[in-house]
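Letters are used for the chains, namely A, B, C and D, taken in the order the chains are written, and counting of residues starts over at 1 for each.
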């Protein structure tokens, strides 16, 4: 139905693997957010498309929707230029841009920040910005590399929020027939 | 939950009273659209806020959503400067702005185009632009004078589209507890 | 030097032929504005590109620059749909859009509003919006059908305003060597 | 005449003090650019106002104007968060944002990057973004902390470019009577 919906099967969203958090007093897990719709926004602080579109959009969602129903999570998925986008730089960035939503720093295999971080890999993301919607039952229902416009994103959030948790599971199973939102299959997103 | 939701009770949407249609080969009625979510956008062609925000938004909705599920209807509710916003002028306007969605010209009491037109009066609209969302069961669920941003409007459409028709009726009855969208009571919108 | 400068020779700007004025207590003539730089913005009230770009730009120039040095004149050059863009409609349009700069209604040959109006013809304009810059000496120095961005338009105004009147005449004669702005030749703009 | 012109006397522009350059094969000096109008854009790579407005504007000027007449220079004036806006980070930033104009990194007193850098101090800048226009004779003619709109900036560039070098010196001396552009006095800008 919409350009935003690019995948056909819903799969359980892999748990976040985070080395550090900003804007939250305690670590978040997807498991602990069951029952909420989760807007996961993966970005890099020096990615122009993220700074211009994705991050302001995440901030708008955070400001306009009820946090008891819709959780906005930023995910800093640095896969290039690691040396200049470390935790200190991100902290300054989030402070200067007045970001208020929780931001997790994607973890690396081993001690060094290098290569693709773990959550980014688990979701088979193609780059930044990437927007992922996770339903109340914990399934990925939308996975989009690039820009999703406000109209379609609002629509998808509204549709997901309206689902009963059981309904969400069914919808996830129903694949293409689902109203408006589908995502990666059990084997991933086929980058 | 959101600024877009400004009224508390859902009521049956008054039927449109239209003197003429553009962009449709046959007259539309709300009754014939039962089962669809209806986006009713009331405007005047020389209203700057309509031209800048409301009309492009209606056009975007028309282009991005499935017409089998979501009906976009423009309503030309001329309540001032009637002499220069007649049907001929509107036709040129719609042509020059390449509007594609159906537009109904709101009817007047009697022969002359003067005063407040009938549909505008029946909905107790306060001015233009006014955005009205009607659910699958034919109830007004959002009534907003002014601008509704894309994120909230998309959200409301997504929520309404997810309702079962019976569910819609229930939600309409449930008033304030409804997820995200409520509207005028049976007696109107209390302008 | 810039995309804004599309013609090579300066010519004396044809006098305006105006049937009626808005936003000025007395008719304006180019002759009476010698010594000022004139920004002549030709538009039609139902031309989307005019409403979105050209008219707001004219309004900005009117608000930001000193009217003793820079005169902004709107020119309503209706060459199509004459019946719905008459003086009454224009008056409502200017009122609703809160336009403050003087607007002249381009005159027609004969009594009827039909075909190409006279000033539009004299300048050999290709359509609307058209932007014309006239120097202190009364010569056309920029003639552009379509959009000129603020940076280049500001630049051209700054350059023209800096000219001495004698200098303006010389610059007009100097053709391609002129700093930044040239326009139609003595025979017109070669539409 | 315009909001952009906020200072009353022109002064000789202090020479740049640069530790390193991007986007130029050889170091630039103001002295070597005499005869050109110089647009000096001081920014920090993690300053939101710079990223959103100032830097794209500098890029537009660089792309639209003749480099033989108008020199655009970026000046990275890091006065806070030095550790995360070092040369390596700037290089990534300039690469990712596809900046093409020459960028000088403002130098510090001593070896360490700390406190206010030297050029920023010499110009008594109040923060970032700061826009400085330098005339053909090497005098500061506009000094603005914050945003200058394209219309006024284009205007000022056009006016300065039209000056003869002798005229520039005179205009600098003429203070308030100058057409459109004035700047800091000999003692500085009175932060």
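Throughout what follows, a contact is a pair of C-beta atoms (placed from the backbone, for glycine too) under 8 Å apart; a residue touches a chain by one contact, two chains touch by 3 or more.
Predicted, not measured: the structure shown is a model, and the values here were computed from it.
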| item | value |
| --- | --- |
| Identity of the chain that, by mean CA position, is farthest from subunit A | C |
| Whole-Å gap separating subunit B and subunit C, where each centre is the average of the chain's CA atoms | 39 |
| Interchain centroid distance [CA atoms averaged], subunit C/subunit D, Å | 33 |
| Chain centre separation (subunit A, subunit C; CA means) in Å | 51 |
| Touch-based graph of the chains, sorted into line, ring, star, complete or other | ring |
| Contact set on subunit B toward subunit C in their complex | 46-48, 51, 81, 83-86, 88-89, 92-93, 96-97 |
| Residue numbers on subunit D that touch subunit C, as the complex places them | 1-3, 57, 60-61, 64-66, 69, 149-163, 179-180 |
